[in-house]
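Only one structure is covered here, and it is reproduced in the block below.
Which chain is which? They are A, B and C, in the order written, and residues in each are numbered from 1.
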Amino acid sequence: MTSTTFSKIVIRVYLGLFVAYMLLPLIIMGGAGLNNSRFPSVYPWVGFTDRWFIDLWTDERMWGAVRNTTWVALAVVAISVPIGTAAAILLNSVKPRARSFLYGFMVAPILTPGAVIGISTLLFWNTFHVPAGLYLSVMGQVSFVAAYVMLLVLARLQTFDPGLEEAALDLGASHGQVVRRILVPHLYPAIGAGAIIAFFQSVENFNVTLFTRGNSDTLTVYVGSKIRSGITPTINAFALVLIIFTVICAIIYEILRRRAERRAAELAATAAAAELM
Amino acid sequence: MSEDVQLSKICMDFGSFRAVNNVDVTIKPGEFFSFLGPSGCGKTTILRLISGFMEPTEGSVKIGGKDMKGIRPNARPTALIFQNLALFPLMPVWENITFGLEVRGVPKAQRRAKAEELLQLVDLHDSADKRISQLSGGQKQRVAIARALAVEPKVMLLDEPLSALDLKLRQHMRAELRAIQKRTGVTFIYITHDQGEALAMSDRVGVMSQGILQQVATPQEIYNNPVNGFVASFVGENNVFVGTVKGKSGDIATFETAKGQFNARLGANVSVGDTTKLFVRPEFCTLQKTASKSANSIAVEVTEIAFEGNFVNVFVRDESGDTHMVQVQNDPSIPTPALHSKAHMIFDPQSCMILSEATDTRSGH
Amino acid sequence: MQELLRRYGISLSVIMVAMTAFWLLALVVIPNLVLFKFSFRLYLPVDQLGGPNDVYTLKNYATFFESPIHINVFFSTILYSSFVTAICLAITYPLAYILAKVLKSTDTATFFLVLLVPLWVSEILRSFAWFIILSMQGPLNAVLLGIGIIDKPIRWITGFQSVIVGLVYAYILFMLFPIYNAISALDTNQIEASEDLGASMWRTHWRVIIPHSKPGIASGCVMVFMLCAGSVIVPTTLASTNSRWFTEIIQQWMFEGLDWNTGSAYAFLLLALCIIFVSLVMRILNVRLVDIAK
């Protein structure tokens, strides 16, 4: 056995172990949702059942949490995407010193523990007599989700040629037309990715929501309280639904990405052909 | 269809740096005018001042007699062709071309017709629905020109648009640009650092250095009668001799150098007693076996021969070790001088000039 | 600011500045200042607010420093968060290198596609998964009993061991992605040049690849440490009475004590810890904030 084939094997084993490490716990957790055992476990395997899914389906509290989560997530997307985009554009057209100063404040929420964001949001709005509730959860989540959107849009802005704005102005476009026809279309991919990330970040969020939610439930809080108060395999059923949903999203995302990549490659090929003509 | 552009005593400062210094020139309606100079000479700043992306620190820009102060780029009768063309990558060709009409609220059908018409004008058929990334460099060039023409500008401003093309295409596009300008009659103001481009296309050329307009004249005048050493050496090749002006009779002066005395025409701003330089073009020099009585001559040895195709560059070394160049037409019937042969480099007093350095730079600043 | 006006005109500039200002002031800066202010006030009954007892005081912080248990929890949190960060770094650095430079790009894409699932599944489910695995009647004990390594079930969820396992699992991908991005941005020619000049594999990593991927390493370390120290759900699920986490004490003040003032003092201590950690990493690895947050 040569050393290269040996290292190849080591690499394969390492990658395989990591994938197993990342996926096995999820499979065990999801599988327990199908096991007809009162305690959530895949072992011993008592038998296949759909009763945990029926329990989940008939749980009114779960549906309330779904509605709340959706509402909060959509609000977070609607607020954080415009804010993050505006902040990125602003950041991209100020002097370097102001830029690094503002940048520090903008990324700070990403590096702040969720509990701190949650408590500070709660206290701040309380001084205006706004009670804890989902509105505050939205505000707290926006404070760090907007930073993710800002980073995505800022990265996309690096590939933007400001000369295009000047060209459009020179051709008689107003500032509004420049933004609508030239700048924003260029930013669409980043804005779209930002919206997806904002949505998922909001749905997944636990820490900020825990301190700001008041008495309302979101999905993560619902699962959290279920875990604390007597575990039943309905949580596993819920996890399985979520995992399957994620897998479907991942597949769709990958198909779209590959299609876009193929189109880009075709365009590059025709451009190269045009160059030769 | 076209307007004149009047630049009156324009200065442009960036902090303490004066990028444009007292430029004063009127570009006539329908003229093809080039600003020629090395990078950093202020020519791009002038273009941005005319297009309205900057306002001059001092002086005024008038287009068609109208002062442009405070008028934004989108309200000026100019269209700019950017160095990198700045075509909108997300729009098809025809939308690019008619973007200026779209923002003015022209209906779609009318815009489409206009796009087709302009594509004919720039000789680019069946490309209306292509994407920008599908076009070759030359095709992109044409789209950029069509896009600028679509808004029916009185003045076209071109910022080295040919610099990204390869040599052959560049030469082709020179003729094309010139033809489009003649067809449309629009005033073209062209920025370039390539003297070949400027001389080949322009009605008049303004040579710039360090923010100062050194000379404005026809291409022939610029080449044959440069006003100073900068213009002479930036446009075309020269053999240069350093020396002192001794005396003059008529427009011919005697010039004392370490390599002997020469007769030459005396340029502006040079007077007897000045120590300066003498410039002679390589194609005005000849090599002969014997020294000349009437013309200037200097004893040399042939050190290198470079065959360039339509002409031959012969490099020679004088007795003090300096190298000069003599350019001769390629003519198979005349034998080229042998390497290391001794000869005399001859040049006529009428074809060489004693010139001052460039006009004093950034004075009073 | 002038450039903004020039590029986007007055009204759009005003809108963009207003949105950014709302975010930075109303959602980031002022809430934290309010938190800071709150931490110096006393928790008082409503009728005493504005009274003689409603003063600025260090008492809330004194509560922390006079409680050996809380100090102990605070330092355990730091210690075990650092430990988790180190484990994540050790596991993911070789992985990131393999993915960025050894594997074919299509294989890497597939690998990341598989990882999308655990990435998008929320941390609460990720820690719950380990709760099931590690529980007394869980699969781990079952497997070990089946093989015969142990003869009676082991209580895994005790002490900090289960918390560490859960934290590593929950946050390891936040270490992998930034390091992968940093290494894949390195020109492969540089690695080959180093090897061509006779450097061993270790030396190439030490002198070429690690220095280049410092920003990614810094970013991963900061994220993982912050997420660990600030984690609420993993300790809630996987800790036991003998392994408390600092966020649990904050929760206690906020929800059980209803003492928001002491709660905010503790929250501020957590924030200060994260700020110190970020500056420490920036100092040690000599990177800028721009490199960390990307």
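Following the convention adopted for this analysis, a contact is a pair of C-beta atoms (placed from the backbone, for glycine too) under 8 Å apart; a residue touches a chain by one contact, two chains touch by 3 or more.
These numbers come from a predicted model, not from an experiment.
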item	value
Two chains sharing the most contacts, counting C-beta pairs only	A-C
Chain of greatest Cα-centre distance to chain C	B
Chain centre separation in whole Å, for chain B relative to chain A (CA means)	55
Interchain centroid distance [CA atoms averaged], chain B/chain C, Å	61
Approximate Å spacing (C-alpha centroids) for the pair chain A, chain C	17
Per-residue overlap in chain C, given as positions that touch at least 2 other chains	none
Touching two or more other chains - residues of chain A	174
Contact footprint of chain A on chain C as seen in their complex	1, 3-4, 7-9, 11-12, 15-17, 19-20, 22-24, 26-32, 34-35, 38, 91, 94-95, 98, 102-103, 111, 113-118, 120-126, 128-133, 135, 137-139, 142-143, 169, 173, 222-223, 226-227, 229-233, 236-237, 247, 250-251, 254, 260, 263-264, 267-268, 270-271, 274, 278, 289-290, 292-294
Residue ranges of chain A in contact with chain B within the complex	161, 163-164, 166-174, 177, 181-182, 185-186, 267-268, 270-271, 274-277
Residues of chain B defined as touching chain A within the complex	51-53, 72-75, 78-80, 82, 84, 86-90, 99-100, 102-104, 131, 133-137, 139, 147-148, 150-151
Parts of chain A lying in touch with chain C, wherever the complex brings them together	11, 14-15, 18-19, 21-23, 25-26, 28-29, 32, 39-44, 82-83, 86-87, 89-90, 93-95, 98, 100, 102-117, 119-124, 127, 139-140, 142-143, 146-147, 151, 155, 162, 165, 174-176, 178-179, 200, 203-204, 206-207, 210-211, 220, 223-224, 227-228, 231, 235-236, 239, 242-243, 246-247, 249-250, 253-254
